[in-house]
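Down below are the structures I want you to see.
Next come two complexes, and both contain chain A; in the first it sits with chain B, in the second with chain C.
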Partner chain A sequence: MSAALTLDQLSVALKRGRGKPIAVLDDINLTVNAGEMTALVGESGSGKTIASLGVIRLLPRSAEVSGRVMLAGTDLTALTESEMRRVRGRDIGMVFQNPLSALNPTTRVGNQIAEVYRLHTGETDRAARARALDLLGEVGIPDPSDRLDDYPHQFSGGMRQRVMIAMALACSPKLLIADEPTTGLDLLVARQILALLSRLRREHRMGVLFITHDLSIVEEHADQVHVLYAGKSVEWGTARSFFAQPRHPYSQALLGAVPRLGQTRLASIPGNLPDPETRPPGCRFAPRCAFREPACETAYPAPETTGGTMFACRRGREINPAAMLDAVLDDPAPIAAPSRGTALEVTKLGVDYERTATSFFQGMIGRKDKMRALSDISFSLRQGECLGIVGQSGSGKSTLGRAVLQMISYQGHVILNGEAFDTMPRQQRKLARRRIQVVFQDPKESMNPRMRIGDIVAEPLKLAGMRGQRARMAQAAALLDRVGLSERMLNLFPGSVSGGQAQRIAIARALATNPGIIVLDEPTSSLDVSTQALLLNLLKDLARQDGLSYMLISHDIAAVSYMADRIAVLNGGAMVEFGTAQDVLTRPTNAYTRELIAASPHFRTNQPGGPTETMEFNPSTVQPSAV
Partner chain B sequence: MSNALGQTIHAPGGALRRSAAERAANWLGDRGTLVTGVALAAIVVLFSLIGPYLYTASPYAIHGHHALEAPSAAFPLGTDQIGRDELARLIAGGYATLIVSIPAAVLTFLLGITYGLAAALSPSWFDKVLMRVLDAILALPGLVVLIFFSALFTPGTFELILLLGLTSWPGLARIVRNEAIAQRNRDFILATRQFGGGTWYIARAHILRVMAPILVVNATFLVGDSVLALSGLSFLGLGLQPPYTSWGGLLQTGLNLIALDPWWMILPAGLMIFLSIMAANLIGQGLLARFGAAR
Partner chain C sequence: MLRMIANRLATAILSLAILITIVFFMTHATPGGPAFSILGQKATPQAVQQLNARLGLAAPLWQQYLLWWWHLLQGRLGYSYLLNRPVTQLVGDYMMNTLALYVGAILLSLVLSIGIGLVQGVTYGRWPARLIGALQLSLYALPTFFVGTMFILYFGVKWGVLPTGGITNLRLEQPGLLDYGRHLALPVLTIGLLGVSGLSRYFGTSVHEELGKDYVRTALAKGLTFRAVLFKHVLRNALRPLVTILGLAFPGIFAGSVLVETVFNYPGLGYLLWRSALSQDYPVISAIVLLIGALTVIGNLLADLVNGLLDPRERYE
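== the complex of A and B ==
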């Protein structure tokens, strides 16, 4: 099989400010065969995007690159910049994470696709337009001739990504680099994009370098897997042998951290990915590895194999998977006395959105269109229960959360501990709202960037009338401790902590008013897989200790199934399915629910994190009322 | 040398090897604008506020024999057409200019912030009313309004402060309102509401805090604008009335005698107006470059 792309000892060092260059990528050897997909997997900070930018030579000028990048026999590192410009777009197509920022909002998509083609082939406008039409059809956009003259904002997220792919395909490249193209998309859409890339690579005999942090998404489609950790390759080989038997403890942990249907505990890796400046001298995973021995900390291990994948681990050969599994699974917290009272009751809740006037004249006469965002939602939430709200973007799931939080106006009733919000006097309502707290998707956005973390966590205490800065800081330290953070963070600003830490801080703040209920609005979807696992475990433990109730809003039914006792599925503003997690997952009545379940990663026998003794699908080994 | 984390620490002696000029250039680097602005502002302020104590000649004393004299040892900046010491008048004019402009800028600042925040945080119908009022005010040409009011009464220092302060806030109000609207639905504001934070608490503790860089930058620009507006008004004869004077007034007196080419009556006053506006703008730009991005 011919190679579309070969990286030979690719290393990159970046300069930050006036300092010495810092190695961010070390000796990467990687091959993408023609017609195959290689998944380059790593968490943020692993160097995976640096590697892709190194291939297309779009790194900052100050970057020091060594090694060779062979594209179908040509060494890209030896080309001049003007030769390289012709290679980009013609021989290498690129798809990025955010298609909206990669497409020009003022140009019709047909013209954008045609432009790439014309630029590289010198064809006529007419030929280029015909090509754009073909491509739109090929990437699965319905009625392509009608959509050719639409603007990017008229497409949904998934459709935009298809337009990006059409652009990347315009000149039939030998290699397609897809950098997190499915991150931020709903699961069903992400699956479709992956299936599309998979089909296209076969039909065009094109190599695909698929960069992602999510192992589960590439499981079906990748031919090769290459796992990066802190700028070094830790394990690589065929996808078949990798998924059958990952050998590196990091690969194991990463696989175990992906929430899958039917899992009772997620793998968690202690600590954080080291910064490029502070990478350990030996195996870079050693400080976080349960299997390290003194030798691991001094020298980087040479690649080994047992016949399957190649792995850079001194002990990968000997450690058996069950031991790896145990090492990354901690014990869940013990359950405090369960109670069965009703914490929250929602009846016949509906939300209308006023669409702002579509034209100037409509605005003049004050006409507003009403859109039904949610209708006729009823459910109750028991004390200590986690209710999962699942749906794709636009399903109304976040609107439901906001209505329960009293952030927006709604029809129907939300009853907290027997008292309906709509009948409460204003002041009482303000106090009652404190009993329902919220954790948002983007933790950095949910705290004032100009406040110190101590003040952020203590703010609810201050608003609740707690006197004395010193007393508040002591309480804030105690709250940080509950979410596993050190009180040294009190004086930092949010900008200097990682995403996972920031989300813990947001949880600590939500706990400050001792709420009975926390609405978790996509709490982990902006985080890396291993961080997500740590956070879900933390939330689960907090609930078990305190009898907290959660409303967990997510598009990821697998993550929800890990947490929830009962699941509600929203589609188009209506509740299409509601029942215990077990019922919804094993006997879904709605076609949409079935689709969601089918698209989610399932628990498999050889993966950590699942009940090892039972193969049967059984999400509620924990009593429903307890978590 | 490196610490426990393997980070490089520069030896204390290392910096000494570079030349003094190189170090100065390095230090100035990105804050050159700010430093230049602060230096200019210091010159202008010291000249106007400390000047009266260092150069004690009276700006009002008339030296009949020395009318319209070019700079000499006795009168470093010459004399005007009735023989008053121009340097003393430049200092007095500076004092008069700053004592009006700075309080006027402060007044503008407070009014603009209050109005802008009130609009952004009120129900949308009230926001609309406030914004239409603002549009109406903005539709009037500022200078014409100033001229109208100062022609109505003889303005003293206090009246001028009020006049300038009450007419120049709409621009800032609009900036504050738009920025506050951009901030008011951010997640951290929603979270604060959930803890029971009221509107004014949120305005004070969150919105103003996040907007602080923009506000500081605008405040410096306001001082420059205020100096310019007062100078323009005085130039038209509507500012402080004789015998008191300001830089704009000095400029006007000089220009009335332009046929006699009394450059010492025109250049210094013009230069001081230019320097103070330049100082305000450089400080604003410098602050913007340093703090504007991190929001």
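== the complex of A and C ==
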């Protein structure tokens, strides 16, 4: 087995302003074999993207890089910049996160693919175009000859990522680096992308360096796993032995943080990732580790080996996942008031979207195209219950949330405490709306960056007529305390808090008016897995203490299975399945539900070559999205 | 794309109609009405009444409004009170001079702004960009008439290389294009430079923003040189905001050209407006205001269309 890429003691230090360079990546040793996939795993801030940019040498000019990067026998760090340019795109293909912004919005995709091929082969425009067409077909884009002259915005998220992959493949590279290529995509689509990469690496005998924060998604495709924490390798080796027996407490915690069916509590890692400036001198994970000893805090442990993996942990041999889980699981909050009344009822709800008039003249004569976004949705939400709303992008699940929140007009009824919103007098409706609050996907985007956290949390109180800034701040501090944040946050601005903290603040704001119901619209999909675990545990505790009801809208069936008592599955604007979480997850009656569950890593059998291998592209059960 | 053009065209026509209405009511609602200003000191009530009757100003306002539209559609804009010539003819003479000035000035500021903005965007945060930023601000702070006067002083008087006023050399029998160009040079330079400070800064920021986007990293990862990334990928995306403000720049350029044309004694619309305003020559004033308004609407329309060509996402409404 020949190595496509070998990193030998790769270290990177970055300069911030005029200060000393700060080490962000320390002595990474990593191998990607030809035709194999190595997963480089770590949460945000672990240095995994720095490593990939270090390989293709696209780091900021001020970066100090040491160590060697061997690509099929050539040391890339020794090349001149113009030699390096010939390597980029020809020997190494790159696939980035978020293909919408990673593709040039004003250039046809065919031209973007042809550009790289022409650049490195010197072929004619016509030959490059023919190559682009072949590639689009190879990555599974239907009717490639019709799509060649389309622009990136005309593709769906998954198709855009296929275009990126086609571009990276154009010159048949020896190595493909995929940096979080599936983040932000639906699970079903993400798994199709992963299956595609797996097929391509086998067919082209190409090494793949797959960078991700989500261990669960690479479990069935990776040959090697390399876990980074705060710029240091903590555990690495063959995927088989890694997943069979992870040794490092951080690896174990990462795996434990992924929700699985039937789990009562998620493993969460207390504390935050240390900043590069303040990394501890010993084991960098020590301050957050449940197994630390005094020695861990002074010296970095020497790597040890067992079976197929190496790990840098003093106690890696003695601890095992079961002990690990016992040590990091906190106790769930006791149920304070079990009550099973009905909190909310939705009957025969439908939503039409009026597509905005497609021309001025149509606008003048009032002709509008109507699109059915939701039809005939009925369910009830009990007090203290979490109802999971599951479906892909475009299935109508967020529309349902917005209708319940009275943010859009709808047909049918939303009934709160026995009274329908549409029949309430104006003033009463205003008060009733306060009883349903919302937490959005991207917490920072949903906060005014120029307001202080205290004012953000207290704003609903102000709107509800609570007087006195001091009283409001006291109340805001109490709310922050409930979501596990310190009152020191009151005077900060949203820009200076982490994603997980921002989401807690959003929850505190939602709790301010003491609502009975909170709509959670993809609350954790922009968060790292360990942060997600903390947040889901918090939400569960809040519900148990206060009898809160949730509508949890998510494409992540694993997260939903951890939280939800009952699950509704939406597809193409219709409710295709509804029942208790147990029933829906273990005995799904609908084909689409089964496909969603199959895409979720921990509900399927763990044998490679299992049923999900064959489901690379199967649009038949997915109805076209309504919006 | 066709649908988008039809859309924008309809909006432009609506804007023009609103503009025409506003101009009508503003000029017909002036205190005393036009008769007072035509008659000046001879404005006895009797004389005013007679003149109003002759000019059709005695009729009810709605009739005058409809008549105004009717005349406008036939291209009749009335007679200049002062020069007693048809306004269409008068404005037409001056408009060609003004258009030559505008086109020259806009091309000049566009070329300079793109060049300067590219350097500024690429070197953002380092000394070339800072130097450019300081120059932009000082140029922005200089008043138009001062710059124009200085140009006259140096190019015209001290060095004697360019004419300082008028449009043709009266001593030449056949002035020709070269002579016209020489007369245009200083006014074009003055107005053009004024635009550069703002436009180049705007474009520089736009280039800097685009350089920070993910597709730039993708293009570099393909193995393109930085120069190729800049010209093949970044430039087109960075031009969009520049085109948008350029399309809205006509009123600003016109405001500047009133001063510049006066300083250079250049027979353009700005100069004509200034003279007509002094003598309250309403038909001429309203015709010029209409024309500038129409140019602005057309400029905006052109900007939308160019942006549609630059960015496919703009083509779908």
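The rule we apply is simple: the second predicted complex is superposed on the first by the 594 of 627 C-alpha atoms of A that agree within 3 Å, B and C clash if a C-alpha of one lies under 4 Å from a C-alpha of the other, contacts with A are read in each partner's own complex, and residues count from 1 in each chain.
In this text, a contact is a pair of C-beta atoms (placed from the backbone, for glycine too) under 8 Å apart; a residue touches a chain by one contact, two chains touch by 3 or more.
As the structure is a computational prediction, the values presented were derived from the model and not from experiment.
Residue contacts after overlaying the shared chain place A:Thr106 against chain C, while chain B stays out of touching range.
Contacts of A:Phe96 after superposition on the shared chain: chain C is touched, whereas chain B is not. In the superposition on chain A, contact is made by A:Arg86 with chain C only, not with chain B. Using the contact criterion defined above for the overlaid structures, shared-chain residue A:Arg467 touches neither chain B nor chain C, since it reaches no partner.
Once the two complexes are overlaid on chain A, none of the chain A residues touched by chain B in the first is touched by chain C in the second.
Listing the residues of chain C that touch chain A in their complex gives 3, 6-7, 10-11, 213-215, 217-225, 232-233, 236-237, 310-313, 317. Interface residues of chain A facing chain B in the complex, by the touch rule stated above, are 19-20, 277-279, 405, 407, 430-431, 433-434, 436-438, 440, 442, 445-451, 459-460, 463-464, 495, 506, 509, 512-513.
Against chain C, the residues of chain A that register as touching in their complex are 56, 58, 85-90, 92, 94, 96, 98, 101-107, 115-116, 119-120, 151, 153, 164, 167, 356, 358-361.
The part of chain B that touches chain A in the complex is made up of residues 5-8, 186-188, 190-197, 201, 205-206, 209-210, 212, 294-295.
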